[in-house]
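Each of the next two complexes has chain A plus one more chain, namely chain B in the first and chain C in the second.
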Partner chain A sequence: MNMPGKSHPSPSLLRPIRRDRTLAPVRSARLAFTWSVTARCVLVILVFLFFAFPIYWLVTLSFKADTDAWVIPPKWTFAPTLAHYQKLITTWPFFTYYLNSFIVVCGALFVSVLLGVPLAYALARFKWRQTRNISFIILNQLMMPPAAVVVPFYLICRQLGILQTLWAPMLVYVAFTLPFITWIMKGFFESVPHDIEEAALVDGAGNFQVLWHIVLPLVLGALSSTTLLAAITIWNEFFFALVLTGTTTYTAPVAIMGLWTQYTVYWGSIAAGGVLISLPIVIVGLIVQRHLVTGLTFGAVK
Partner chain B sequence: MKSTSQSVPTATSDTLEAGARLSFGRRIGLWLENEAVLGYVLMVPALLLIVVFIAYPFSLGVWMSLTDKLVGTPGKFVGLANFAKLLRSEIFYQAAWNTVVFTIAATVIKGVFGMWLAILLNRKFRLARFTRATVLLPFIVPTVLSGLAWLWMFDATFSVFNWTLKWMWQMEISVFGMALKENWGYFRGPLWLGSPALAMFSIILVNAWRGLPFFAITLLAGLQTVPPELYDAGDIDGTNEFQKFWHITLPLIKPIAVVVTVFSFVVTFSDFQVVYILTRGGPHNSTHLLATLAYQLGMTSGNLGEGAAAALFMFPILGLVILWQLFYLRREGSD
Partner chain C sequence: MLTTTHTPGHQRRSLISERMVPWLFLAPGLLVILALALYPFLYALSTSLHSYYLANPAGSRWVGFDNFTAFFRDNNFWDNVTTTIRYVGVAVGIEIPLGFGIALLLHTQTRFKLVWRAALIIPVTLAPVVVGALWKFMYNNQFGIITYLTGLVGFESLFLGGPNSALWSIIVPEIWQWTPFVTLICLAGLATLPDEPYEAAAVDGASAWQILRYITLPLMKPFLTIAFVLRLITAYKVFDPIYLMTGGGPGISTQVLSIRVYELGFATLQMGRASALALLLFIVATLLTKFVVLRLLESRQDDEGRRL
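Our next item is the complex of A and B:
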């Protein structure tokens, strides 16, 4: 497909000399140091609060003793305690659920990448009528509402006898991740200059060798961004996991909701579990922020 | 498929004499040199999987919507009875209307604030990287967790919002120019999830909170492709900030903005988690969306046929998006 980003006037042509863009704002800030800078600071702080506060509030909840959590008005300062974490880990098979999530992510990613990358390459490289139709179908698959297929998936998994095993969510995640990886990787493959491939072909390399030795190394970084994005989505997935897994095979997000019982809501443990679930993904996500953004934007920006 | 007839003979005649001595692996390699063969070898496994795992469940869903299947019963064909039943029920119209309100409101909020945020983040300032990382946070953190965080903040008794409001009430601080003490003779905080209108507002807020990073970061990437010379030219012509945005920025990032908006629209339209965690459709079905209604009918009540029918009502709107794509992609180019 042609990405809309292409219709831009080519930035590289319009911008032969790339100027240091830091200069202009700093200079104007010095000139008008009063109002605009203050306003911007306030804005940035507000933005920061809006995005970070809910997370912050839950993280503090996980460290609050119940006597500090269940008070009116809410406490801003408290003596931190690890009691909830301790309780979560000792009285509850939390790490089993953690491991379940991990297995499901790895399994689904393995299959999706293994099959999705070749498909993406074929769709990007061979512009036949059929490949265009397939591209269009895949783009539409990305829009499939989970609610429309959850019941059929439930029945299929029951028929296959894999309901309440880890195979069930893995299968569903492959079904949703494969089109996703295909679509994004197709964009990356299309951005590899065709000249490179042709030069290699002229030098006597075969089609398959070109893919393996030349194109694939070029998109490896992009592939890792895409995979990471897919991993985050699967790790966080809740809807299908809720329907398809059972007591021993809950993935971590579903297990957390299990602490929300009919009688009590174990807020402290929920918060602690939530922090433990988010921790790996947040750490990885923030470390490779740049790659995350590449993956996130590639569908729209070239 | 012209290439098949052309390249297969060449490949075989080249290797005819050497054929006997070629190893199996080498033969496969030569066979893969054929474009058509390679193309299909690369595509078929994934396509099979997609057909089996998406097309089949979808067809099964369509079939089930035409039966009176309950959990554990085979179900028999009832034609359009499920659809007719839904169209006669009040809750369906409520859910459909809610879906429209929720999707449009959340998408507009995300679009406007996402754009604003992208412009803000595009400036260089101290802690810019840090702020960008913070903005990404709602996207990375599992929705279950952030949903629960909001639930805790909206909690009737322990709501941090209400206690902040109460504190402001006591301090006689005014909000949006209205003095709290005059408007509320005694203090009662709003029941964020307990009253229909506020509950709707709350789920839209949480959805927007979660979806904003995607908008902001994508649009930011778009903004960074706008050549700064254009703004300098604008300065020479004496444009103000708004004119620069309207006549320079917007036209240039429009293609990206359109794609992001459509994508977000689709995702918001089929959102399930936010409602499931915050309100489960309540109070009085005032926050039921088509997706949650389908789940409740199908999975919670075990009425699989009706649930499938409710989910299918989502497709007319998605169909419009697909038509738009056909049109848009065709216009965009020959690729």
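Our next item is the complex of A and C:
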């Protein structure tokens, strides 16, 4: 074996001299350094385990046969089975509930985007005497606990005769998604330089054309992320759906509760349902992560 | 084509319609928001002044402020208030420093970034119902992994089943789900910090603690404030995971105000009492929005220069 160092003056000749001079300080600095790196690594791994382990446990539970799930000490290796997923879809109309969720999300989003985008643009671009009050109403709606409005919404839907239909949750979700989309998009519209629009307006384009052909393409990425974030919120919503829907119109999160019977709790199927509910939103969440923080902080952190 | 012929009549028409456009943008959305925000509020106001048992065919009866005064004689109500404050206080009090600490730890961690970012994003996006079910399973008194692991180190508890441990046990999933939210905000904040103060501090030989205390913390204050306020409000809204894990029990030891509204309205069908309590929640949320959130979010949005 030819050592590449052989052609150079051997570093080992120099090393003893250097070591003699600087041994103590260098080593202590090195040690401190390596210790902090190790500590960091351990901490990072601990943090990772704390957040990732429950997710891992949920996913494995959904693939564990009951005999593997209900044992002490817990089993770390097991033969995976799809039995819980099969049961969820065949003996429990989970697919229908899944579809319900999907319909409600699409319906609420359609109305919210259709009305919210022009409203956001109007608030961002034109001077209104009441802008501050409108902002307050929008934000107030975003901060409202569901419990504060669930009773009136229930009674209103009862009066309208839409209780236990999908119209009821859709109506309520528009009440929260429309202000959300308006508020976030208002922030994005404000960050579009005004000059571009003015040039187009001078050239004779109408306000509508400016919004549609010039501004909207600029914020399209932000708009799709905002819409997807709103979709996550609606998809996950439970409280209103619990109160407003019935046996055929449950959304997926409420349907999970049905596996919680008085006599048995079908934990495996609950886990399988949990995985199926989470799968689309986790994917969406990872896709929109660039705008996730913006959306979660209502535009405060960009 | 009309648009190419410049008759005076057409110009007037287009001027009018151009002046209308902002209103056409504004009106439909705003009207829907106003209807969906104000009508339920007025409805709740009216219901709260009535005794209204949903099961009673005779309908509702005017009782004035009885539904409100009833709460002040009701010991459960004050327990609910204390539980809510303890839940919010403990959860947010732990989440903010923990989330900030984790952000400081991960800020310079470029290896496996995709992996740990995913581990932060997934809890935040999960449905609270799924989180509740998952932790309820892990807390199971016989076969739960948490019961097993804590048993290994000799710690025994009924967790969700114990009147004293239940509140703590429901706070842990809350911390698990929302600490990453604080971390994500702090990471976004840390990425915006300027280099100069740190270079100056290095030249001056400041200790790590001094750098954190006198440079990082003040610069991070706006981000921490936003995280704090938003966590405060979302913790105050909480319903799903508690409903799933304990339903407010054992006894009323985990009955936060949201759960109580549900109890009153949909378990005992007392719509009047439920509306009165809901209005109280409404007022607290509105005050928070008016005096804290509005200022916080608006000033951030106006301040384009800082790109916060």
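Note that in this section the second predicted complex is superposed on the first by the 258 of 302 C-alpha atoms of A that agree within 3 Å, B and C clash if a C-alpha of one lies under 4 Å from a C-alpha of the other, contacts with A are read in each partner's own complex, and residues count from 1 in each chain.
Everything below uses one rule, namely that contacts are C-beta pairs under 8 Å (C-beta built on N, C-alpha and C of every residue); 3 or more make two chains touch, one makes a residue touch a chain.
Given the structure is predicted, the values throughout are model-derived calculations rather than measurements.
Of the two partner chains, chain B is the only one touched by A:Thr131; chain C is not. Contact with both chain B and chain C is seen for A:Pro54 once the two complexes are overlaid on the shared chain. By the document's definition of touching, both partners, chain B and chain C, reach A:Tyr121. By the touch criterion defined above, A:Pro217 reaches neither chain B nor chain C. By the touch criterion defined above, A:Gly187 lies against chain C but remains apart from chain B after alignment on the C-alpha atoms of chain A. Judged by the document's definition of touching, chain A residues 40, 43-44, 47-48, 50-52, 54-55, 57-58, 61, 69-70, 72-74, 111, 115-116, 118-119, 121-123, 125-126, 128, 134, 136, 138-141, 143-156, 171, 174-175, 178-179, 182, 206-208, 232, 235-236, 238-239, 243, 253, 256-257, 267, 270-271, 274, 277-278, 281-282, 285-286, 289, 292-293, 296-297, 299-301 lie at the interface with chain B and also at the interface with chain C. The part of chain B that touches chain A in the complex is made up of residues 1, 29, 32-33, 35, 38-43, 45-47, 49-50, 53-54, 56-58, 60-61, 64, 117, 120, 123-125, 127, 131-138, 140-146, 148-150, 152-153, 157-158, 160, 163, 166-167, 209, 212-214, 217-218, 221-222, 225-230, 252, 255-256, 258-260, 263, 266, 269-270, 272-273, 276-277, 290-292, 294-295, 298-299, 304, 307-308, 311-312, 314-315, 318, 321-322, 325-326, 328-329, 332-335.
Only residues 40, 43-44, 47-48, 50-52, 54-55, 57-58, 61, 69-74, 111, 115-116, 118-119, 121-123, 125-126, 128, 132, 134-141, 143-156, 171, 174-175, 178-179, 182, 187, 190-191, 206-208, 211, 232, 235-236, 238-239, 242-243, 253, 256-257, 267, 270-271, 274, 277-278, 281-282, 284-286, 289, 292-293, 296-302 of chain A touch chain C when the two sit together in their complex. The touching residues of chain C, counted against chain A in their complex, run 14, 17-18, 21-26, 28-30, 32-34, 36-37, 39-41, 43-44, 47, 102, 105-106, 109, 115-130, 133-135, 137-138, 142-143, 145, 148, 176, 180-181, 184-185, 188-189, 223, 226-227, 230, 233, 236-237, 239-240, 243-244, 257-258, 261-262, 265-266, 271, 274-275, 278-279, 281-282, 285-286, 288-290, 293-294, 296-298, 300-301, 304, 307-308.
Put simply, chain A touches chain B in their complex at residues 1-9, 11, 14-15, 19, 21-22, 24-26, 40, 43-44, 47-48, 50-52, 54-55, 57-58, 61, 69-70, 72-74, 111, 115-116, 118-119, 121-123, 125-128, 131, 134, 136, 138-156, 171-172, 174-175, 178-179, 182, 206-208, 232, 235-236, 238-239, 243, 253, 256-257, 267, 270-271, 274-275, 277-278, 281-282, 285-286, 289, 292-293, 296-297, 299-301.
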